Amino acid sequence: MTEPAIVLGANQYGKAEVRVVKLTRDTARHEIDDLNVTSQLRGDFTAAHLAGENAHVVPTDTQKNTIFAFARDGIGALEAFLLRLADHFTGSFEWVSGGRWEAERFDWERIRTGSAEHDHGFVRSGREVRTALVVADGDERHVLGGLRGLTVLKSTDSGFVGYPKDRYTTLPETTDRILATEVTARWRYGVGRADVDYDRTYSSVRGVLLEAFADGYSPGLQATLFEMGSRVLEHHSEIAEIRFSMPNKHHFLVDLSPFGLDNPNEVFFAADRPYGLIEAAVVREGDATPAAAWDGVAGFC
Amino acid sequence: MTEPAIVLGANQYGKAEVRVVKLTRDTARHEIDDLNVTSQLRGDFTAAHLAGENAHVVPTDTQKNTIFAFARDGIGALEAFLLRLADHFTGSFEWVSGGRWEAERFDWERIRTGSAEHDHGFVRSGREVRTALVVADGDERHVLGGLRGLTVLKSTDSGFVGYPKDRYTTLPETTDRILATEVTARWRYGVGRADVDYDRTYSSVRGVLLEAFADGYSPGLQATLFEMGSRVLEHHSEIAEIRFSMPNKHHFLVDLSPFGLDNPNEVFFAADRPYGLIEAAVVREGDATPAAAWDGVAGFC
Amino acid sequence: MTEPAIVLGANQYGKAEVRVVKLTRDTARHEIDDLNVTSQLRGDFTAAHLAGENAHVVPTDTQKNTIFAFARDGIGALEAFLLRLADHFTGSFEWVSGGRWEAERFDWERIRTGSAEHDHGFVRSGREVRTALVVADGDERHVLGGLRGLTVLKSTDSGFVGYPKDRYTTLPETTDRILATEVTARWRYGVGRADVDYDRTYSSVRGVLLEAFADGYSPGLQATLFEMGSRVLEHHSEIAEIRFSMPNKHHFLVDLSPFGLDNPNEVFFAADRPYGLIEAAVVREGDATPAAAWDGVAGFC
Amino acid sequence: MTEPAIVLGANQYGKAEVRVVKLTRDTARHEIDDLNVTSQLRGDFTAAHLAGENAHVVPTDTQKNTIFAFARDGIGALEAFLLRLADHFTGSFEWVSGGRWEAERFDWERIRTGSAEHDHGFVRSGREVRTALVVADGDERHVLGGLRGLTVLKSTDSGFVGYPKDRYTTLPETTDRILATEVTARWRYGVGRADVDYDRTYSSVRGVLLEAFADGYSPGLQATLFEMGSRVLEHHSEIAEIRFSMPNKHHFLVDLSPFGLDNPNEVFFAADRPYGLIEAAVVREGDATPAAAWDGVAGFC
């Protein structure tokens, strides 16, 4: 029997982590866009892999140059910037049938001097990082907004009871614990929603996530995750789906009794590893999740 | 028209990065297994998400305990250890229909004192990290070996020419450059290959990857990647597929002419970001890649 | 000639990076203190080093326990918490003649729900990290406040001209560039200033640093550093000295002319490495900087 | 009473983390030097700080260029390369009275193909990083070799007993535990030892450190540290002093008894934080440690 041939499977390539800072200096009051952009192309690159023929290989250096050149015209919403890149690359090279374009955006605040905001002095906010992802698959465009590094904690109104016990279970039940997580989320915009105000939606989603996390009693991080996701879908008809990766950042109550002290849920040890890891998608019933939209996404979301 | 209901989509949860160190002390010559293990369950967890009912939620703490308890019986091959965990969880809880179990292994060498290897003194090798991943999907088991952090460089016999030029291209062609990358790879074992010696295969694959990288002239990182992958498949019939994520770690020739010096490919600046990123699967023709095997894998591989 | 004996030199030991989270739950409106504390003892530990006799070695585990126990009584100002630890250890063990106690504090903001601040829901601010250091040297106490990770940028009003040129100089002069740095600073409180409101001073110093960075034209990062430091000393008589470690985070103007585009200081590449590194102390004339205060400080400040 | 003037204190500046890769291609068998170099100048820089006059400010960009240009002539021993930089900067600019030059060196091994070592294919070893530091103070040169990231572990022959117990002590005594640390060390060469073979000494010191760590019973990390240091001084008369910063990387025995299992020192949890931190200098009696040599050293060593 002949062995089957060895062939090229799925593939993509490009330039990762292009750190672009774009100033807008039209007036004395400057604006700043601080981005980390990754561009990856998909299409017919078989000859490059099998024969070392690079006639189809748009250099990653060219992809980087294009990102800088496109920034000259302004960034606008992160998602819109990536859509322009997607259209350029798929429109300029016939063998490029798709790709993925990803960006992070770092947030800056104006420095205040006295009661005034400074025109051109900024301090990095350190808040969560906004993310965006555009996947092009032929003529289709999947647009995903997102964030990472949104670290939240509730100091009460959280518990965990009613779970199955087996030979390996030692965890005691509790109805009052610290619940803390660092939210990574991506939400997929419905196809054909060209009218979306991505910046406004981002700001709204962030607020909804924070409120849903803080509100009410949490019987478990899974329930909190679903509450966060479903509220986002309720408020935003333009969003078809949202996915989360949420570590359970454990805070262990310290036993102070050897020192003659009580500890009424006041002193905790914040552990690094291991951590719980809760991941889920919240979707609209009947919605066909396009596999391409999530293909190549780092981790679960 | 009624809005469609908001429902739970794909989900998984567990305990991540359990740092287990297992000593074998049967004789004076100790052995050490140093692991970082992640366990995630899939199945019917709808009630936990929608109603906060945890009757199905095997605690992540229990998953951690189980990992430690199973380590008591010895680790063996990384992949085999994960298979035992997979069988335990899917076999013990009827609503657990699958999951993913992942591990990293850190390599230690014996300290040498004079001409002898020490019995219980070790130094961490710092070599690449070996990885393993088992995905259970009902009765199916997908087993993936892998590595990350294998950083390689060739100081000549590498070039990049013949690529398309457009308005944004400034990269000059070259037939002599440094080629450097940090290999992340995962290879999928064919289903039903229970007889595999995972440790021996790991060692062999590592050697094949290094040889294929070093050998011959590289016309581009894509061609080198495919050569590495195809050689692995040629040597290892038990492997169905191999995937790579390989950054092109750029080394830029420094222009020393302002200082009256030539630079015949000797002095380079090693850049951090941006970097090229080349990702591809090398497969056997006709092989049906099981989506579940790669679902939830961080990045491309 | 006899070789001189080999003896123990300077030494210290303790527990590093104790991650304490202290809640205050006296009312429904909770407070959170999120700290990373390091305790190190100095004194007579010769027998432990030379003879393996541990009679003087207060275990690092005990130091950790003490930090948790002291947290039970509340944290208060970071500096005051460290002073209590210093007094405890030097007062409890006669052979402990001094030591250093260091802390970082992570800042949380209350989640807003509608127009209200939540009672027990928090989001990590991500702002700079506040630091504190207490060095005990016999009866002396050196108290240092500080911060790290205060990343600032001015998009104009910065230049660099008039520097010496030699054979290796290729940098062009400029009177309009981006100036960006990530401020690490430590300020030493004058000895015997027991009445200091450390929290209020921290907040004020932060504001002064931001204003001084943003104000006016910067002829170089050295001049900006000195302006920042001297303003702090002018506003705060309780501070004897301030030290800075400030990387010059380079933003390089991208040459867009190959693409037929101009670039009037709008599109920049933000580089990782190398970076400039400017470090200096700003002091009061005649002040004798106590070496002990800075001994063992990581880097310049 | 007049306030004392605000003046400039200690200061230094330069370019940090210049990533130089130097190939030697004289024959078909290439050599590679992979370095991370930092250059900082000290001297009269008052006008730059107080008046924004940069006539003395040798640009950090020029310092970077000089590093690349000097690499053209070959690196040689790390310490010798830094001494050449020190002599250049202090000799070229009369107001530069000293400075500090620091480097890290990353180790590469040749890829083996069959039984042969490859001529120009390399794999990064991942071993500890070699470090070097030269401090120039007028005509004096302090030369320090070193390493970081040498992670070692002994699986028995280590205990901790006989320590003082107080109210906050809960640690049980043990005569069999895992001892693990990640060694950072710097050793200072005696002044005027121009004949030192730095590369050979590095290799020898590394071997001595490993042997001293592994040999015999450790009654505590302090005793082990001193044994390591004193052996280095015994074997190397050219070394005047050695300093260590050694975290005690805790491995906690897991209690498996709830699962009906014993645990005879076989299964451990490797903790991240907190960790013990043991720091000390081992010196020759009567040797006057020059403060300048350690000034500005990150941490204790």
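For clarity, chains are labelled A, B, C and D in written order, and residue numbers in each chain start from 1.
Operating definition for what follows: contacts are C-beta pairs under 8 Å (C-beta built on N, C-alpha and C of every residue); 3 or more make two chains touch, one makes a residue touch a chain.
All figures in this text were calculated on a predicted structure; none of them were measured in a lab.
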Shared interface partners, meaning chains that touch subunit B and subunit C: A, D
Remotest chain, subunit B as reference, centres from CA atoms: C
Separation of subunit A from subunit C, taking each centre as the mean of its C-alpha atoms, in whole Å: 31
Whole-Å gap between the CA centroids of subunit A and subunit B: 22
Sites on subunit B at which at least two other chains make contact: 19, 65, 69, 168, 170, 258-259, 272-273
Subunit B residues within the subunit D interface of the complex: 19-25, 30, 32, 34, 65, 68-69, 71-72, 108, 111-114, 118, 120-128, 149-157, 178, 207, 210-211, 213-215, 251, 254, 256, 258-259, 261, 263-272
Residues of subunit C that touch subunit D when the two form their complex: 3-19, 38, 40, 45, 48-62, 64-66, 69, 92-93, 160-164, 166, 168-171, 218-220, 222-223, 225-226, 229-230, 233-234, 237, 241, 243, 247-248, 273-287, 289, 291, 296, 298-300
Touch list for subunit D against partner subunit A, complex: 167-168, 170, 258-260, 272-273
